[in-house]
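Naming follows writing order (A, B and C), and every chain is counted from residue 1.
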Amino acid sequence: MTPLLEVRDLRVSFPAAGGRTIHPVDGVSFSLERGRTLALVGESGCGKSLTGLALLRLVPPPGRVDDSSVIRLEGKDLMSFDEAAMRAVRGGRIGMVFQDPMTSLNPVLTAGDQIAEAVRAHRPVTRQEARARAAALLGEVGIADPARRLDEYPHQLSGGMRQRVMIAIALAAEPEIIIADEPTTALDVTVQAQILELLDRLRLERGMAVLLITHDLGVVAGRADDMCVMYAGQIVERASTRQVFEAPAHPYTHGLFGSVPTIAGPRERLTPISGSVPPPAAWPTGCRFAPRCPERFARCDSMPSLRRAGPGHDARCWLTGDEA
Amino acid sequence: MTPRRAALHTVWRRPAGRAGLIALALLALLALIGPLVLPDPTAQGDLLNGALLPPGPGHLLGTDQLSRDVLSRIVTGLRLSLIIGLASACLAVALGAAVGLIAGSRAGMVDTVLMRIVDALLAIPRLFVLLLVLAVWDRVPIPALVLLLALTGWYGTSRLVRAETVRLRGEDFVRAAEALGAGRLRIALHHLLPNVAAPILVAGTLGVGDVILLEAGLTYLGLGIRPPTPSLGGMVLDSRSVFVTAPWTSIFPGLVIVLTVLSVNLVGDALRDALDPRSA
Amino acid sequence: MTAPAGASPLLEVRELVKHYRARAILGRSAPPVRAVDGVSLTLGRGETLGLVGESGCGKTTVGRTIIRLQEPTSGQALLDGTDIFTLGADALRAFRRRVQMIFQDPYGSLNPRMTVGDAIAEGMDIHRIGTRPQRRGRVATLLEEVGLDASYAARYPHEFSGGQRQRIGIARALAVEPEVIICDEPVSSLDVSVQAQVLNLLSDLQRARQLAYLFIAHDLAVVRQVADRIAVMYLGRIVETGTAERVLGSPRHPYTVALRSAVPEASMEPATARIVLSGDPPSPAAPPSGCAFHTRCFHPARNERCRTERPELRPLGGVQVACHHAESTP
């Protein structure tokens, strides 16, 4: 069966100083099934957000998605779509929710106007119908008294409500996929939990697929079915969330777990990864994690591909099983 | 590379900025060494045969009604224009920066009073004030003219610097300095001033062009620099009666004014772009 | 609140209040914003007190007021028995050698036009500590102490990553040899792997120098990593305080319970039933009557009393808690 969204060898190029080209996203492959949540996890600069934008061919210029990349939505190659066709995909079949609901909403339009606009962009409906639909969507994303909230401006809403409005906009055209890029990072913890629950509920009710982009392993646990850990533009580990949490295969994933303070269990000294993520221009030619890796050895001078760590569990490390 | 050198480098990388820098350097060079090699600009030659000579070998840009060398007079006038422009722009910017820094770093009454004064001053047209003063003050000495131009040209800078200072005051590094026990003066000089240097520099550069143009205009109206001191505005004024018969006497000084102001503004604009963090 | 056994607290805050006058809009005078509304806490030598709460709860204002970056509306803060809030200019400067601050934003907290060395040396400069060459030597030592190369002193902040800048900010605070450091969300803008490095560094420095930290953060897991004791704030008041183990192990205040359960835990172990609070925190300009938390409370015993009578902190099972029904908190 064809997956809902299939990404093969996604590569994004940016011109860099000295006539060189850098690839902040460099050969990313994954697939997303209906009704499931896939998490892209990594620290800043790993290329996770750019991956999300590249799927919609929204890479900011002068960057571009390489022609060799494959992005298939239900088998149809998005790379071959023209701009008009892509516009129908964006917001139509794939909705997007960003990190900062304050800057992603237009401050001079009411919440209702912005949702209605999204409805009308993809459906031939009248103004009244769009407004009614906007109210229904606000109700669906858990905003009490939607009829009143329709006429409020973003600055009158709390951070959590703004993010709900963003989600309502993303839902306007009944997309099959939601790309949520750090949807809760700007919110308070108690509100963060509400938004994550909401995304989960919508996924179940509507059978949508969710691509959850986050730096927070805690957000992934118990929410995502599968996850990809990204480092320096590449996927370094890919498996079901359970597999990754129970037996992380890549030293970077190990390092991430060692870095996260926990709320339960004995309090232990953290075991951080040494150094910091190098900028794309300084990525090593071999394994990109090698300079920070406690396990590096001679072979790490050459770049490993994703190798099989177990059934459905791949890791980009020479210490892992066989060629995947 | 220090931030300052980086800014200069960025100006150089922009075609307009580079053109401005080169033109400005050439003009400054001309103003510096010109007087050493050219004939005395005030020396009158043979009034009968030497007046209003067209450009030619003896006098590259011709002579005026009093048979004085136009090129020498342009060069001397240019030097004066540059000096007046630089000096009064520097003064104006220093004054504006000081007022802006004081207003911005001390919230409350001081800020309100200073800014209301600036608002009031901004409501009086600069040219009007200058015309009034110069009409009363006959034969104003050049240092006084510089001072007048400076005293009427700092308001904009003070508002700019104040706005920037208020923004910076909210930054954590200013808080950190305060938490370390830094006094007001130290915070103003070590933390605020270096960070408003960029807009000050841009305002100052663009101010040079303004002042040169204003001085030329005032002199043209017969109120600025008085003869026999050669000045670009004065040359255009003096030669208006012979404009048709001897156009070189007014066109060349006019062109030099345009070129100087243009190149200063090109550098100023490029500097502004280069120092704008959003364009980095 | 009890100080650690045997020692009088190094820092003691009593009934700190900070109200902001809201600007009158169209002649209507708005009620004041009650950012901090009667906070008391103690901090012992070499101890870490974690001050936790969500945005707008007033935790940052508490820190800034203690270090006199903001003037309090009322209350006292005693450092070794001397009231910080009544210090004159000279005494205030001397006080600032003893209490320092580390900021959240590694980008905004360093002067972009000042070299790293100058930034670190500034405190010594202000307090006339050592000669110029001695200061240079100290800067080198401090840079190495926070895990950076001594040669970085000549560089400018923009050349460094967020984590490195945060280390520079720590070195700057250490330069005047303070006894207390107020850490205002020191790791919340850092990547996980770098965050762990900085947390470990702070622990090491504390041990080596007997530093006391007031550690202000929104992330309970991060606070747990460093704090000996924890105070939980909600809308300008402390609702629960006690040892980190007690407060996190068996929270008594419903808000602490919710906050604790909302922490996204990086573990597949089934979490205790997640409590998802409804709504957003109310505005500190219009705090609810009675118990400020009653509008979002899920406590089965919540009643009319919660809406009318404000609960004060009271001892219960080794912690202090401000809830009328703390005994029966689920």
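Following the convention adopted for this analysis, contacts are C-beta pairs under 8 Å (C-beta built on N, C-alpha and C of every residue); 3 or more make two chains touch, one makes a residue touch a chain.
In this text, all values refer to a predicted model and were calculated from it rather than measured experimentally.
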item: Chains linked by the largest number of contacting C-beta pairs; value: A-C
item: Most remote chain, CA-based centroid, reference being subunit C; value: B
item: Distance from the mean Cα position of subunit B to that of subunit A, given in whole angstrom; value: 54
item: Centroid spacing, where centroids are CA-atom means, of subunit A and subunit C in whole angstrom; value: 32
item: Subunit B, residues touching no fewer than two other chains; value: none
item: Subunit B-touching residues of subunit C, taken from the complex the two chains share; value: 64, 67, 69, 92-94, 96-97, 99-101, 103-105, 108-114, 119, 122-123, 126-127, 156, 158, 169, 172, 176
item: Complex interface listing, subunit A residues touching subunit C; value: 43-44, 158-161, 188-194, 196-197, 215-222, 241-242, 245-246, 255-264, 267, 269-274, 276-277
item: In the complex with subunit A, residue positions of subunit C that touch it; value: 54-55, 161, 163-164, 191-197, 199-200, 203, 218-222, 224-225, 248, 258-260, 262-269, 271, 274, 276-278, 280-281, 296
item: Contacting residues of subunit B [partner subunit C, same complex]; value: 2-3, 171-173, 175-183, 186, 190-191, 194-195, 197
